[in-house]
């Protein structure tokens, strides 16, 4: 509601107090500072990326041909991770808010939160030492018995360090982020609506479907986007766990896996020099653009799907 | 459709706190019963125990029994979901589902039980319920807009339509008009008058004029002080409660000497 | 607790009291040298308690880059400075003087594998090339079996593992295969395993990644700095008519048997490794890492520190310390004398 | 509650249409798990492999879901069956999520305890070769770098949140909200590269310092601080703002003295989460904070070791005595997790003492 | 201390929505004036314009003038912060600051404004204000406990103490008893009776008994329907409004025929 006020009214006549002005200015500056920092990052990325984009590159490839497999791997691994993490996170958040006994719920919630605090290197170590060997037999089985499904085309990796393993690690890493937010959102479902559905004789699940999920829809999207941002940008864990080959393939159990942009930077940067540095930072720019796009799209979706609550 | 309710020596607790003590009363079918009393005396609490909605609040439980045509709501093996389907409820603040259209709101409860209702039957039911809630004429041309797009009074009637669409036996209303303007209030009071032909109605109200206008019998609750349990002080014909109550505090309350 | 000047870890007979050196010295570069540098730094700092040396094992490329930019005073690198690099400026050096490459770290590269019940295997270069290029896919392949009579080889598929990051180890490994088994190894020498070729092999990050992948996988084979072979099975390479397992001496011998790169500037010691040698007792799959330093520093103090540090590194004591901690092969006395002569001339 | 009369009454009580007894889910679960174990045993027997708990759990869980749904469908009807199915599913999802958590914690603790000794907390790695040594320098480094990251990002984050909640309405607020979300997606390594480029601009190539690491971490931390503080400020009831304004208190004092203290507990929790988010970052610190075995208390000068970089390095380039390096790596990881836990506990204590006291 | 208020032809808008139209009335010093009327008629809205608290709501603005002893509150250069220091306000729900003790709550007006005051003066002020709010005896031994640890009625009196501690000229109360039990309500009503000796008091209430008990004059507001602006229908001596109002709708309202 930003209707222009009739001219003759006394809307804003108060003299501004200096302290108020300063406080507001400080707050505004802080916000603007964030924009400046982000602009700084963007400028840095663009400036470094330009030489790589206009080429020429060592292998005569175009920059885009070089970055495409990495982009694919980034999106594919993040997609796999989200496919696992989002339903899980929603289920866990529901469990904590609506199913578990209350006392237990807060402790369990804390335990899940703790996952967010574990450093990515440790996820990497765990992925190599525990998860990959654990998953390897399953991959072998899948490749052997369900190999006709393109996802599971043999041969299976002998070490289990496939994109699916990396995606599982990513899923575990983003799970607490999404769960924590969904939990807050589900807790804020208007009691009135929950009670309305229960009073109509809804079971617990029906109540969740009628009141909790519709109310939380935009929040679920928003939290998933936050999680997705982490999954897209995760560096160390993926670099350590994934047997990357820069392939463009949907097979999730094999030795030849796509690499991701962030992990590739970590792998290549130490030995990079000259134009390769520009290429790597250029790929960082692509990742940045993806994040920007994903956020914009999610906002658009949220704006479209949110029914305006007011009168 | 409508049924008789019998409350026997009911205590209600919120955790360790006893909110209501020793309530016993009988409510006849096809009648309107008003619960009145000062704030915090337990009117809402007792009302919610009638369809086991208090169980939604963590730690709340009852001691005593409530019979619906002789069947104990708190008997072993009774499913609260069944209870609530037979005893509908309308809340103080209108609470249509914000993501649903008017039509979907009315059908919300029905579709739970009967997924495969034909389009025609659905249309019938929507019309019947909205007519029953005196809302049909105002919304018939825009059944597809979100329920939250209506005015407060219309929303409240939408909630009533939603509640009667599942054909309950009893309708509980917790201060259904307290958030509404006078015109909407009158519309709802008229509606209660009509609904009484088919349903047993229990209404909580802060407004004594409203109680005297709409109810056949009135129950007066009171509380001795903060932290004490609320009690049923007097239950009688509405005319008697307002003209010649037998307890002094009822007299004080209805005559406006306190509360 | 170990930070204070008087150090309990100081070996007896140290000249700590006599040292007049002080200051900070920073180096960066090859991760292969990381553990050796740790030992050298510890030994050097013990002798010179007022000196702080850091070595950031960020990678050879990063090390050279930082050295060129003047961010560090010396670099560690799996490769000597390229000609085009020599044409540029060096941040820490006096303009128009050239830096020197000193081969201070020699280490065998082991071909490691994980096959149940097998500790060591004999292979010729062509077999290794075929395995890593995907032409041999099963452990009971006759090509392996006939070189290893009496060894029970299972029918498990072979899972080769390579370095997924840019690596000097990969470069030396592929150089060896390209030189000795060109027919089976057609892709030549590379530092980064290309994604388009030999795609049965699986990438892993860093030496540790390869070692982990090999030890946690089944039927796996990989290559890594020999010090990290641990309990894994290792391959004895066919040199001439013999199968030579890796040893420090065999690796050092490989360097001694190799000529110098031609056309380098004075003081630079760049070794052209001879992979095809048939000399007895030589293990030709070795990696040389160079210490790169200015011949003349802009900052005289830095020059002094580098000089002192590199003298220690090349010394018998330093090489022994390196071997103890990092498992590398000590350089031979002739090489040492050569290196020390260059180090002495650093200003 | 008397059993004697409940039977006849139940027969006539129309409200008691088919219900499963309370114990039935547990009984079903037990039966399902037993069947699962039997099947897993058979598979193990047939293939000669080891008995698999995983197979047992998977088969048991699926069987449970099917059984409880079918039984409920028959006795209680479709709606109840769906409810039970979803309950099973949701609980299962939760338990599944606990598995990696437990596995991670167990792995870290089991491996980390080997070097959890006094020396580890009192020594740096200066002049240490092979076994022994400690991480005091890395602990100090991590604490300092993170502290400085917090010093940079907490004020910026909180003031931004204040702007968004208390002042911002127009385009600028929208832009900030949007870009804060974008910022959460900056890959940590890019943050490190950016911080390096920024510092190299002023201090020349090869610059390494703790403060650079702090700047990189701030970039990652700020969005989390903004988001959580924003939510907390929104939760402060408008009542309180109005009460203060009605007392003739200017807006800025109302924010500073009423709104912020009321939200303090939540803000502290949010900041802790943000710290936890960055304290384990490796990639940016490798680039800008550098690597050293020595103690360094000065964030503005010289390389500074941090726990994640230490753990990573010990893992990546161990010497001959591998195990000593790996033990140190895991122990460092364990310390990192402990630091985060302690931070969490402190935050909870703060939250507990500063949280608005509940009425009655 | 107390002052006269004069409202001249006041319209209040929420953005484009005109919530109240054409209100004019005069309030004498040292008197209690009650605003009554059905929900949504603009009682709270008008009350908040008297100390410019409506400005806190984005988009709200007024047209017209309000004079405090002849000085226009909306004159150019008037600082709303100063206005609010002279015209205190008590809200519907007790809202003590949860992070502060009882003592700090009472001193909030002083402390929050960073004004320096000696410990002795503070003690005096706390005692004086709490006595003024009839709360001193109940809390004097536990001034250090959090304000939210009190019962609802005590909290509300604490809010009144907080409001009078800054020595305002006028005290505005928006349904101060509607969340309280009857005993607390009576305590607050007694308090209003006393405060009237020193302050000009305006109180909004839904409870007509309360209006007739505490006020000297009563203003009746009404609204024609949802979306229409509220209007002042009648303003007169309380006794007259309740016994013999001059407008039919006032009569209907106070006699309980609607609302």
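Quick notes on this one:
For reference, chains read A, B, C, D and E in written order, and residue numbers begin at 1 within each chain.
Following the convention adopted for this analysis, a residue touches a chain if its C-beta (ideal position, glycine included) is under 8 Å from a C-beta of that chain, and two chains touch if they have at least 3 such contacts.
Per UniProt, the chains are A = Phosphate transport system permease protein; B, E = Phosphate ABC transporter ATP-binding protein; D = Phosphate transport system permease protein PstA.
The structure presented is a predicted model; accordingly, all values stated were derived computationally and were not measured.
Shared contact partners of chain A and chain E, listed by label: B, D.
Comparing mean CA positions across the assembly, the chain most remote from chain B is C. Of all the chains, the one whose CA centre sits at the greatest distance from that of chain A is E.
A comparison of C-alpha centroids places D closest to the centre of the full protein.
Remark: chain C and chain E have CA centroids separated by 83 Å (rounded to whole angstrom).
Averaging C-alpha coordinates per chain places the centre of chain B 33 Å away from that of chain E.
Centre-to-centre separation between chain A and chain D, using Cα means, comes to 15 Å.
Centres computed as Cα averages put chain A at a distance of 39 Å from chain C.
Contacts with at least two other chains are made by residues 81, 151-152 of chain E. In chain A, the residues that reach two or more other chains under the touch definition are 17, 129, 203, 206, 269.
Residues of chain C found to touch two or more other chains are 31, 58.
By the touch criterion given at the top, residues 51, 53, 56, 58, 81-86, 88-89, 91, 93, 95, 97-99, 108-109, 111-114, 146, 148-152, 155, 159, 162-163, 166 of chain E touch chain D in their complex. Note for the complex: chain C touches chain A at residues 31, 58-62, 64-65, 157-159, 161, 164-167, 191-193, 195, 199-205, 209, 212-214, 216-220.
Chain C makes touch with chain D in their complex at residues 1-3, 7, 9, 24, 26, 31-32, 34-36, 38-39, 41-43, 45-46, 52, 54-58, 66, 69-72, 91, 206-208, 227-228, 230, 321, 324-327. Against chain A, the residues of chain D that register as touching in their complex are 79-80, 82-83, 86-87, 89-91, 93-94, 96-98, 100-101, 103-104, 107-108, 155-160, 162-164, 166-168, 172-173, 175-176, 178-191, 193-194, 197-198, 219, 222, 226-227, 231, 250-253, 255-256, 273, 276-277, 279-283, 287, 307-308, 311-312, 315, 329-330, 333, 336-337, 340-341, 344. Interface of chain D with chain C (complex): residues 119, 122-124, 126-130, 133-134, 136, 204-208, 286, 290-295, 302-303, 313, 315-322.
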